[in-house]
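Shared between the two complexes below is subunit A, which pairs with subunit B and subunit C, respectively.
Here is the complex of A and B:
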């Protein structure tokens, strides 16, 4: 895509955003007014308005669906929904096109050709559930319960995949998070004792390294960041090899050399400690290991960091002083996706440590602890199977994997090697590893290892395309969902739920109904012997009146404490303090303080391929959305003009991008918004599935090119360690 | 007859707690411990009366201290006769998912 066409897309986006904002502050009245004028002649209610929560990404923004004659005609933001500040983004508006996508799965399909050949036979739900149960029983009998893998994406029904796996007896459950945020969570959990929420709104100084909050939207942070900057004078410093929209709106942008953020952070710590810019009493009372840290960071001078990351030493020292001056209302923004390098946990530990020195924990403008939401768990007594493997298939490969998330890459390697045991069945719900996991060919190999793969999804994703049985799931506007507790930083701690806004389309069923149907056929029905409304009653048992408020407002707020949550409480670490120096790491043979490693040099005539987001893309699930397709018709390869010139590439040329694992063709977008040694493309395009007519054969699949490195502490994917060649395709 | 039964039961309990105070803590099967905890402890005491006791309610040190002398646990007299190995599995579950553990338990 050319830069000019990118500008048109951006204008379109802001136009759409303007409409959305109008909707938030009274657009409903404006549009409703037009409707009412028409309705004056025919006295019928023009539309029903029904609360729901968006499902186009993980944020779950509150919305109001306008329904006419059983059809959703518009999605408006719920102005009472504080977490999103009454906003519904372009993707949120495009939720309609997910529901009414002509490519949507309509009935159960059984594969009749080879995997990936695209030959399917329509079958009934009874046949489908009988078959799924029979195959799962067979796998459990032949390979023990852990011989079956379960994978679920971010969804309010995904907890029922976990419940099913547990009562079935498998420990092997993976989520999307080991392709995303687990190293960030690991680092902050191991420093502060919990994963924080950033009080962006009240911050005076934010350093954002690698995060792109004005495009990769996180609520309320994305909206609050703009408010903080425009209304509260917050300063934003961005480190990113790309000139993102966040970079464009920052006070300062540094095109940091990829993989060197840790050097920058340790140099900040060097200055803050060396010049005693921290609050000595706070650090003494609340943190552990200042002495060791001080000794450790002596070597990481601003000059050293400047040589590594390309940011001038004077700027590094100045930023450290400015941060300290603004502290505690200052922060190194924790970010979210941290699946970048093989030391991504230690990189984020360096972020966390600087925050510790700023004394910003649990204070306005800093990092906040989770607030009380009040939802309760719904426990169950899962059976125990003595005849089973002892642990997960990916156990003991890295020292600090989150067991409830697993590591997809380690699981895949173990499945392929059949080490320590064989896995032959795979149940997948609303996640698309074929589009999101590096090295797509290897994921196909993993598929080929399976005796039977069942996929439940709304669309024929690439993962569904390679499955044996594909079951059509309901969209978020067609089903009952369990309640969900959301953390909205200083904005709120709240509860949302979803009720059906329209009748389910086609033969779609909810994941819960699918699990219940299979469980009933496997004598596991007792674990699913309830309805979603009954389940919600149990979740809400300690929040009397909450259900009524949810029905009235579409959201329930718990007026719980925001700041000072840790007053008089210990930190959940071994030292019971914020661990600048991590004692458990030392015990486990992991560096207790982050040790900087120089990233592998980009080989001659190659580029580092980096991953990123824009506001119109959610992984592999939005490229086939008709509305979003209008705003973003394809993906392109960002390449710097100097690099492009060297390889005789001009804007719009078709280029081949090759790594050690795959190659793709894509149009070049020659732009100075990226470093010379780096190239970038969006994910989700060029599906193998022909049943995604807007995404198939369109652009390039980044999953085909990315290699499969991982973080050595958590097993999180390392998505920024692939080097590629870029060659102009001759017509 | 009744007195005889009570004496036998008391002897069993004394044996159980004496053994439980002496066993080596840790290294058990935490997965099985989760199952045993739910079966033996959660439904009996910790679901309704305490509002649900989770491993993440206490630190690893606190769980270790508790299991080092089980007789001090307020509800110990309501415990069924759990074999030593099972008790260690329960301890391993509670300890390994404690609030200051690498993977604090989430509500379930």
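Here is the complex of A and C:
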């Protein structure tokens, strides 16, 4: 305090002495003299400008770091970056406080107390890597290679966790995706043969359900949506139990009853087929199963859907007609986070089917196939481990899990049950299951099952807090990253990379260096015998000149085909067409057409707890950001005024929210922006880790309260199936 | 013609993401919990069904007014209207941190910078402009709801928007007319929040003494130097008691 104010007064002093001199020269015209002084040219800041890509969420928006004396002083958008339309959001701008967070991990730490007790010993990197290698070797020896679990979040270095796991011999790898988007991906993949991108910019009519694009920012979709609406006259219809900012800016909003979106979509199909609003020739040529679909949706009249969703039947029928009128430059927006119900894959299938029926595919304003980026993989031959078990620990629990993403919830249950085998080692990079997976107590149990847990992160997340060994990783501005290919819908298909814009802080190392260090100690060094720039050269081998362009512009564009990608190409489905009716599902005993199930009724005196996003939050990684904290100091529980009245709750009251697995205290935000039967809070707050000084003991942890249901097709978490009581705390 | 730097805002494009607020804060090193800019939200009830896009989020900041009441309230001339650019400028080296200008702005655009103890507000990022960059809030805005430039220059983006939308440009009117240079295209969203400019009585008295104004200004200029010196001495004293913002 005294040091900084001293500095300021000293600077002020020099400035003032100059002015006083100017004033003296001016003589009688005192103010005139001063005015001359202040008209002096603005000093040009001596900053270096360096390209990078943001890492505050998964989008990887292009940025330019302004660096002064080795310190990043500002992050600006890269105006040449089409995917993000030359913007940087609040979180992107606040990246600076993630890098310079005083709570950042600074050196390797070894747990010396009980798990979660917060007692740590600083050790050297050599000690840390020796220990990690030794413990991983022990787990491999005692429990087979597949007895070690690896979890990695969305990060350009995460591929090295996957590579390490494979050469170590474990196929038990989980990503964050089974807490997020796998249901949606499954549904669209099983309809179109691939996961599409939305040409929002050129769309004329968008139905958005289960997505909140003006708060959960996805580039370019969020920005293109506004351009489409304000410049191109696109209509936006939003279904959401909350009056989100997306709802507020929509042309129409319906507070849909949670869990009933499928009824709405099937009713759209009912009207579209009943009134023959589709292009029969296109449907005949490109799709499979119209007849079955027509038969199937007969029962789902707008009246039926209206009873289920609480949206008037006339509105549903009108929306169906308007959507069909705008098709194929129209869409049911696919959304992203689809971890909500036990039948989420089927819910999202109903979205995909309406798009298929209307031919909103491979043409402007509809859904688009992935474009060619041209980046190549860097293959390696992993050793084979005969002694391993046959399959993943979470295998065979659900029929259509993505093998390479796994199911976190099923893995956790299997680890706890040691069924079909034991897992005793866990390596975690840049993902924070303690904050993001439902039922935090169960995740702690999972931690307790482990002989040794290693966490590599930039912050002492709750997951790190429960680990044995915590290794400080470099932030995105301090390291070399492999290239990444990005799909930007009709805006672009592009390649990005990251070079360090500042020297690594403290003793931090990149995940790649950590993996390499451990591999070298386990006779696996040959698989990491390269540098990131060398790795990038291999990735870019079929894009000559791309590296130079990346250095010049911070991004490389592949001018590949945008529309008509499927002209003369077969679809990767059994029928080789867009499958309204899924043949593979039929063979596997899964409903080939989505069958509507009435969601469990909210029990009396309880609420359905829903999750959702805000443009200032990225799950469990932003609540300790000092800049974002100033705009969003805590989380609150949204509760409708009528419900609040019933439970004698007034705005700002402290309430206890409790489910069958946990309880938390939080301030109530009484607002009509939510249905009466539903409550909502943001994730990421109230960390157990005391080394997150802005997030610890602040607000409530949603992970503590959410129960652990899952999508029965993919094993994706079902985050909207928890019922809670809300009780006012008596002061 | 002299410039008039201004902002043309399309409030209907604002998604209330707060990118502009964090960008400004970082670019200008604005202290914790103080802000040079804002987004005001509509507090209207949520209504299911068709609502014709009535909700607006309204980005704003210092409006660099043509009739800046803050300039009148400043005893030292630290705040002035730059005749070349049309900006309302604070010369920090002249500001004594008296706080008179803060209630004099009917838009609440000014505050006393907690670190510098001087008046602070949006200055359109001169350091950035000197390097050919846009003000931080404009540069970062996802939907480009904020457009900055010289509205007297028909070739600039701001000038083009200014001319094109001349008929439908609106301003957020405060109870005191200050002729702001922050223009909104069409409905600006919340309109009724602007207050009344409160100028300290002593400054009004000074204005009334018009025949002697030159002398007084001259004297006050000398006074400025004295007060500046006092502020410096006080400023380096760590237990200096800070005046509360009004």
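What we mean here is this: the second predicted complex is superposed on the first by the 686 of 731 C-alpha atoms of A that agree within 3 Å, B and C clash if a C-alpha of one lies under 4 Å from a C-alpha of the other, contacts with A are read in each partner's own complex, and residues count from 1 in each chain.
Simple rule for what comes next: a contact is a pair of C-beta atoms (placed from the backbone, for glycine too) under 8 Å apart; a residue touches a chain by one contact, two chains touch by 3 or more.
Keep in mind the model is a prediction, meaning the values are calculated, not measured.
Undergrad: Which partner does A:307 reach: the first (subunit B), the second (subunit C), both, or neither?
TA: A:307 sits against neither subunit B nor subunit C.
Undergrad: Considering only touches as defined above, state whether A:94 meets subunit B (first), subunit C (second), both or neither.
TA: The answer is second: A:94 touches subunit C but not subunit B.
Undergrad: I'd like to know which partner A:402 touches here: subunit B for first, subunit C for second, both or neither.
TA: Only subunit B; A:402 stays clear of subunit C.
Undergrad: Between subunit B and subunit C, whom does A:574 touch in the aligned arrangement: first, second, both, or neither?
TA: First partner only.
Undergrad: Scan A:586 for contacts with subunit B and subunit C and give back first, second, both or neither.
TA: Touch partners of A:586: none, neither subunit B nor subunit C.
Undergrad: Looking at A:75 after the superposition, I want to know if it touches subunit B, subunit C, both of them or none. Which is it: first, second, both, neither?
TA: A:75 sits against subunit C, while subunit B stays out of touch.
Undergrad: Which touches a greater number of subunit A residues, subunit B or subunit C?
TA: Answer, by number of touched residues of subunit A: C.
Undergrad: Going by the contact rule set out at the top, does A:677 touch subunit B (first), subunit C (second), both, or neither?
TA: In the superposed model, A:677 contacts neither subunit B nor subunit C.
Undergrad: For A:377, decide between first (touching subunit B), second (touching subunit C), both and neither.
TA: It touches subunit B, and subunit C stays clear.
Undergrad: Overlap the subunit B and subunit C contact sets on subunit A and report the shared residues.
TA: none
Undergrad: Once bound in the complex, which stretches of subunit B touch subunit A?
TA: Where subunit B meets subunit A, its residues are 29, 31-32, 35-36, 38-39, 42-43, 47, 51-52, 59, 99-100, 102-104, 106-108.
Undergrad: Going by the contact rule at the top, pick out the subunit A residues touching subunit B in the complex.
TA: Residues 171, 189-190, 193, 376-377, 379-384, 390-391, 400, 402-404, 542, 570, 572-574, 576, 584.
Undergrad: Using the touch definition up top, name the residues of subunit A that touch subunit C in the complex.
TA: 1-2, 4-6, 8-10, 12-13, 15-16, 18-20, 23, 28, 30-31, 34-35, 37-38, 41-45, 47, 73-77, 79, 85, 87-90, 92-94, 96, 214-215, 217, 222-223, 226-227, 229-230, 243, 245, 247-255, 312, 315, 615-616, 626-628, 630-631, 672-673
Undergrad: If we count contacts the way the header does, which residues on subunit C are in touch with subunit A in the complex?
TA: 10, 12-13, 15-19, 21-23, 25-27, 32-33, 42, 45-46, 48-53, 55, 57, 77, 80, 89, 91-94, 115-116, 126-127, 129-131, 133, 136, 139-144, 217-218, 221-222, 224-225, 228-229, 232, 235-236, 238
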